[in-house]
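Take a look at this one; I'll ask things after.
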Amino acid sequence: MSEDIILETRGLTKHYGGVHALEDANFVLRKGEHVAIMGDNGAGKSTFVRQITGVEQRTRGEVIFDGQPVNFAGPLDAREAGIEAVFQTLALADHLDVPDNLFLGREKTKWNWLGPFRFLDYKAMRQDTLDALQKTGVKIPNIRNTIQYMSGGQRQCVAIARTASFHSKLTIMDEPTAALGVQETAQVENIVRQLKADGEPLILISHNMRQVFDLVDRVVVFRRGRICANLDIKNEDVTGEDVVAYITGAKTQEGYEDAA
Amino acid sequence: MSEDIILETRGLTKHYGGVHALEDANFVLRKGEHVAIMGDNGAGKSTFVRQITGVEQRTRGEVIFDGQPVNFAGPLDAREAGIEAVFQTLALADHLDVPDNLFLGREKTKWNWLGPFRFLDYKAMRQDTLDALQKTGVKIPNIRNTIQYMSGGQRQCVAIARTASFHSKLTIMDEPTAALGVQETAQVENIVRQLKADGEPLILISHNMRQVFDLVDRVVVFRRGRICANLDIKNEDVTGEDVVAYITGAKTQEGYEDAA
Amino acid sequence: MSNHSDGIGGLKYDKSKKAWPNELNIFFALIIIVLVFEALGQLLPYMKGQSMLFDFNTKRDGTILNIARIKIIILQVSIIGIIALGVTQVIISGGIDLSSGPLVGAAAMIVMSFAQTELVNGNPNPKAVFGAWAFDLPVLVPILVGLLFGAFIGLINGSLIAFTGIPPFIATLGMFLICRGIAQWWTRGQPVSFPTDQFAWLGSGMMPVFWFLLLALLFHVVLKYTVYGKHTYAIGSNEAAARMSGINVKRHKVMVYMIASMLAAFAAIILSSKNLTAQTGMGQFYELFAIAMAVIGGVSLTGGRGSIIGTVLGAMVFGVIQSGFTYIKLDAFYQLMAMGGIIIGAVVLDQWRQRSASARS
Amino acid sequence: MSNHSDGIGGLKYDKSKKAWPNELNIFFALIIIVLVFEALGQLLPYMKGQSMLFDFNTKRDGTILNIARIKIIILQVSIIGIIALGVTQVIISGGIDLSSGPLVGAAAMIVMSFAQTELVNGNPNPKAVFGAWAFDLPVLVPILVGLLFGAFIGLINGSLIAFTGIPPFIATLGMFLICRGIAQWWTRGQPVSFPTDQFAWLGSGMMPVFWFLLLALLFHVVLKYTVYGKHTYAIGSNEAAARMSGINVKRHKVMVYMIASMLAAFAAIILSSKNLTAQTGMGQFYELFAIAMAVIGGVSLTGGRGSIIGTVLGAMVFGVIQSGFTYIKLDAFYQLMAMGGIIIGAVVLDQWRQRSASARS
Amino acid sequence: ETIGVSIARFDDNFLTVMRNGMTDHAASLDGVDLQVEDAQDDVAKQLDQINNFVASGVDAIIVNAVDTSATQAMTAAAEAAGVPLVYVNREPINVNELPDNQAFVASNEIESGTLESFQICRNLRAAGKAGGAKGYILMGQLSNQAAVQRTKDIDDVIGMDMCNFMTIIDRQTAEWSRDKAQDLMTNWLSSGEDFDFVIANNDEMAIGAIQAMKASGIDMADVEVGGVDATQDALVAMQAGDLDVTVFQDAFGQGSGSVDAALALSRGEELDQKVYIPFKLVTPGNVADFLNKN
């Protein structure tokens, strides 16, 4: 295996009862590379992400991260290994406010010798939260309100700010701009460009063709639980219509005939 | 008041504690007209919808529907008056399956003399569900699975199918295609076109400029809880950039200087 | 039901891997518990190889089954079982009902006062609550009084929960205390005894079992096949969604609590008839056991999931445990501990089967 | 705290309309209840104008306040209050603990067996559980034994809930029965009495109040200002999100239940010391009242919301009610009913204030 | 004068009769107010109730102790406040160290279980079963003193030479309740074992057992059944020939006696500090004497 591969899956498969949500996915991501995953609703994209991040346990297959076969027991393991993810369901605690959510699981603290009873450094977290949100361009009248009643876009921006605030070996974003307005979308796309500039690899799930063509190097298409195309859009001559054809099943790439 | 107005709001206002989410909204919708509401995240679009549909009680202002001032105690009243809505939060019951969700609150039944204990006509509902879903283009392996684990797009299509299956005097869709794939989005846009052809009025909330210009007659822009522009895109010369300028606050339309 | 039209494309769907019904797990747990008791019967020296469910001497009934034991297993849980049917709906709708136990006590006292007979062994009834007008009333009177009382309590529970928005735990805990108060206040703590023969018949012999199974069947159908049932599940699954879908959530909740309380009141009628007396302390801890039966039967305390079949099986688990303990002559202290362990064990088993079923597939 | 940097633009935000803290509502409810009792004291003819909290004769204490009554108001809820502190955390984390009451009984029996004195009025201790070695042990021994027992029970509760995934209601209901069994089995139902003077001191006089307030302060700080507290709220608010955010949810839950059970065990120590005896029936219904105190104090049974201050005020509500009833000489039956009504009323009031506060703004 | 009363349990039949004895007697006296509280079988609650009485400034307190070994703390609380205290029905453990302004009116619990089981033993002998008799024990709530004591009494009687022909097949708790006793007895019956007697810690459980036996067609003449309390229901069952033994305790008398004692103490009058009220055995022979007593 070449040294510069950050993530590889071999034969990754997930069945839910009788539903074959993900079948035999072979996927490779190089260091510094930005890849988009596209596909119909229910094609298995989020399922793929959940297997990689340990949110669920795979039915079979292998995941190799940073040169090591890994078997995360939960998302905590994945994060500790260096994978940051924005999940489609956002994973926010409704009754907590914005800073609490942003720092959930890695609070800034004082008096760390107190172990689990160490004290929270509320002030520092609040300031950092404002800085992090600024980057997403979202507007929130009062970050100390609980997050439960915030608008769809505000919630999504909090989840994105959380991921963007911490350095990682791999960032995964599942439809990060779905609920975002025009301005906020532009800001989040800037965050992605910054990651690219920093050389941090990214998996982006999106239904937005323009966004995908603007941002990433390569597109992987899922169809009915299988990968059906792997398109190097930076170097090859691929159009939006081609991608749609792969998504709908009008075309299937060579080497992926199983998915037909 | 002219006869052909289906919905009008006067000075509609909603405060949540200290948050002024909606301020003095004056809005008019004519019969058969399709209007889009655009605006930043947190601008108050969904709040506006919630006041009209009786999900929440407004702080002040008037709502006139179909010529009558109305004061819906809850969404049930609004639906009975003829307003169908796809909410941003979708409003699905996680532990029920697809037909149950589609027909929730207006089940097909037999033996109606049994009152609340009348029997469900499962078979008819299942068949109708398949037909309704077909229209949205979504793919669901088994509609009798509970909806809790379905993908974001599948859930959204169920919510849309629910609204599209029933005739109404006014349809409201809050970001209906946010989570949808390319194909499904096209299908849902066809549903909207069909509504237009049938002369049913529609309020569409969307962040997608292309979609808005394709589908609707008029765009109303919200900013910081206030309406800041009302653009007749069918007849006037309005570009996407103009709309963005209104959204971001770079421009404010005459007559809406309050919102500046 | 229709078999080839349940999907509209997309992923491959393998029909042979249908989800394993929850109720089967509980059924297995039940069988395992029976087998353990049978094994203990063989292994414990002082049991002299007795069997729990079989009777090889066939000395009493002429069958190989120990009919007497099978009867008592279900008889002793029938009355709490009736309550559990109502509690099942309440929990499915996302609520909880703590008042059912004390309601049994209060309803029993009230009902029995309208079911008294005039002469006991030829002497005047020493426990008479009212004057002569209340003696030897037709059996329908106490039944109606009981059901009305239940409906009234349920109406209050339901209205408080639906219209003021207080948590069901608090509304029914308050009602718990109120009903205990009513039970003690009714006769200032004196028991009420000596019912009419008609009334005594309602809960005599295996009648409680008959009522339990009849009502279980009825509510199985109601929950599974009627609009009432569907809305109950929908409200428990996502109350906001149910409201937005146009279900009249408040009215429905009032109905759910009223039905539950009427079932508890009916249980009180059967219980006082079975015992030929009503006492203020009756029904103690019934609410906890009714909830436990439902939960063991797979009803989820967060709402939206569960079934009457599950609850009936959950009740059977309790029946088997109780009879099993007397059968192996376990000391009372150990009974409590073992009962606690078995309740936990049954649910752990259920969880574990559910998980391994989904992992295997 | 910082005042001008809490928002980043967008809507107009009116700071003067800050949300009204929940705890204030309960405080008002408390005051209303006190005022009602004072008014009743003036209005009821047989009360002869007595006051509940004031004592104008100053016949006993020399102050205008009825110190004896104020003391007993808080003294009588201190012990359940200590349990309620633990229950508060459990509920905030999205769980429930039914085992705390029976745990009090079991822990009291065990603790007292290690706290016995050898000679009672010069005679050998008639209730001795162990032999001579267990007499007159240093007071630390029974305390440690009690806390260890509590930690052990909590460990089992927490592990069952965290690792097998069974509902907390069932795990702790099972433990409820197990602890009752342990309490009865320990001495086969015999009470254990006659502790050492040192041990007797722990719960004597106003010591229970001291412990309660000390622990309340401690846990107020822990829940509000530490990582432990924040994670407890996060898990109760959205367990899946907490897990996805990298919180070790399982380990945390075990901690929460261990702390709750240790608090219940500590309550048992204080209780048995206060009563100078341990008895298997001790702690009956404490779990329900501890939960009720928390809920009246604004802790949400669906998790994620609540505070220690609220729970302390919730406990005070019970204290005032109980003393108030004796003060106005209410019959015991009516006491139960009125207590039920007041619990419901306090929470309804709270709900109503919350709503009208948000409507007004 | 106001007297505070704390009763162990309101939903106990016997204690209810005793309570009525107090209230009826107080009502017949001029200017005597009773404030009766339910301790709900909770020692801690009982202690708090006494403190509440002190805060209300009552003139005397009557306690029906939940647990007779928990009386020390109560004695101390009342003594510190200088309020007279009377224990009723259950003998406090510190009976010999009571301060001057405290007294007790009670029965010796050891008598009840002993009278009951000894009479059963004699009946069995009379029925010619001295060669060996088997039976069951129905116990009350194990957290309750009376249950523990009465069960121990049974064992003590069986331990005597005269009664050692009796053997116990099984003993279980039916928690004082007729319903639980009915189910428990039915369970026992389903094992098919023969038995000659059933001894219950109270009448309610004895009646439950009788109902279960009758339902399965057992002739009540063949089985000796004993209870304690002599409640109305029990006496009726005895008249019908179902119940063989019960034990009468003058609940009404204890109740009114305790009120008199409390009044005397609060007025500083002379008084016997210990008043024992004996149990009385009730059998079909003398049942008529007790019919209208409890």
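A, B, C, D and E label the chains in the order they appear, each numbered from 1.
The criterion applied here is as follows: contacts are C-beta pairs under 8 Å (C-beta built on N, C-alpha and C of every residue); 3 or more make two chains touch, one makes a residue touch a chain.
By chain, UniProt protein names: A, B = ATP-binding cassette domain-containing protein; C, D = ABC transporter permease.
If you're wondering where the values come from, they're calculated on a predicted model, not measured in any experiment.
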### Task
From chain A, count the fewest steps through touching chains until chain E is reached.
2
### Query
Quick one: which chain's Cα centre is the longest way from chain B's?
E
### Chain centre separation in whole Å, for chain D (ABC transporter permease) relative to chain B (CA means)
48
### Inter-centroid spacing, chain D (ABC transporter permease) versus chain A (mean Cα positions, whole Å)
44
### Query
Between chain C (ABC transporter permease) and chain E, what is the separation of their C-alpha centroids in Å?
32
#### Entry: Residues of chain A engaged with two or more neighbouring chains
16-19, 40, 42-43, 89, 138-142, 224
### Query
Residue numbers in chain E touching 2 or more other chains?
10, 38, 142
### Query
Among the residues of chain C (ABC transporter permease), which ones contact at least 2 other chains?
10-13, 184, 188, 332-333, 335
## Note on the structure
Touching pairs here come out as A-B, A-C, A-D, B-C, B-D, C-D, C-E, D-E
### Summary
Per the touch rule, the chain B residues reaching chain A in their complex are 16-19, 38-43, 45-46, 88-89, 138-142, 145, 149-154, 156-157, 175, 178-185, 207, 209, 224, 244, 247-248
## Note on the structure
Listed in rising order, the residues of chain C (ABC transporter permease) that touch chain E in the complex are 50, 55, 57, 59-60, 66, 68-69, 71-72, 75-76, 105, 120-121, 123, 126-127, 183-184, 188-191, 193-194, 204-205, 271, 274-277, 279-282, 322-323, 326-327, 329, 332-333, 335
### Query
Which of the residues in chain C (ABC transporter permease) come into contact with chain A in the complex?
10-19, 358-359, 361
### Query
Residues of chain E touching chain D (ABC transporter permease) in their complex?
2, 4, 10, 33, 35-38, 40-44, 47-49, 51-57, 66-67, 69-70, 72-73, 81, 93, 97, 141-145, 147-148
### Query
Quick one: in the complex, what on chain B touches chain D (ABC transporter permease)?
15-21, 23, 40, 42-44, 57, 224-225
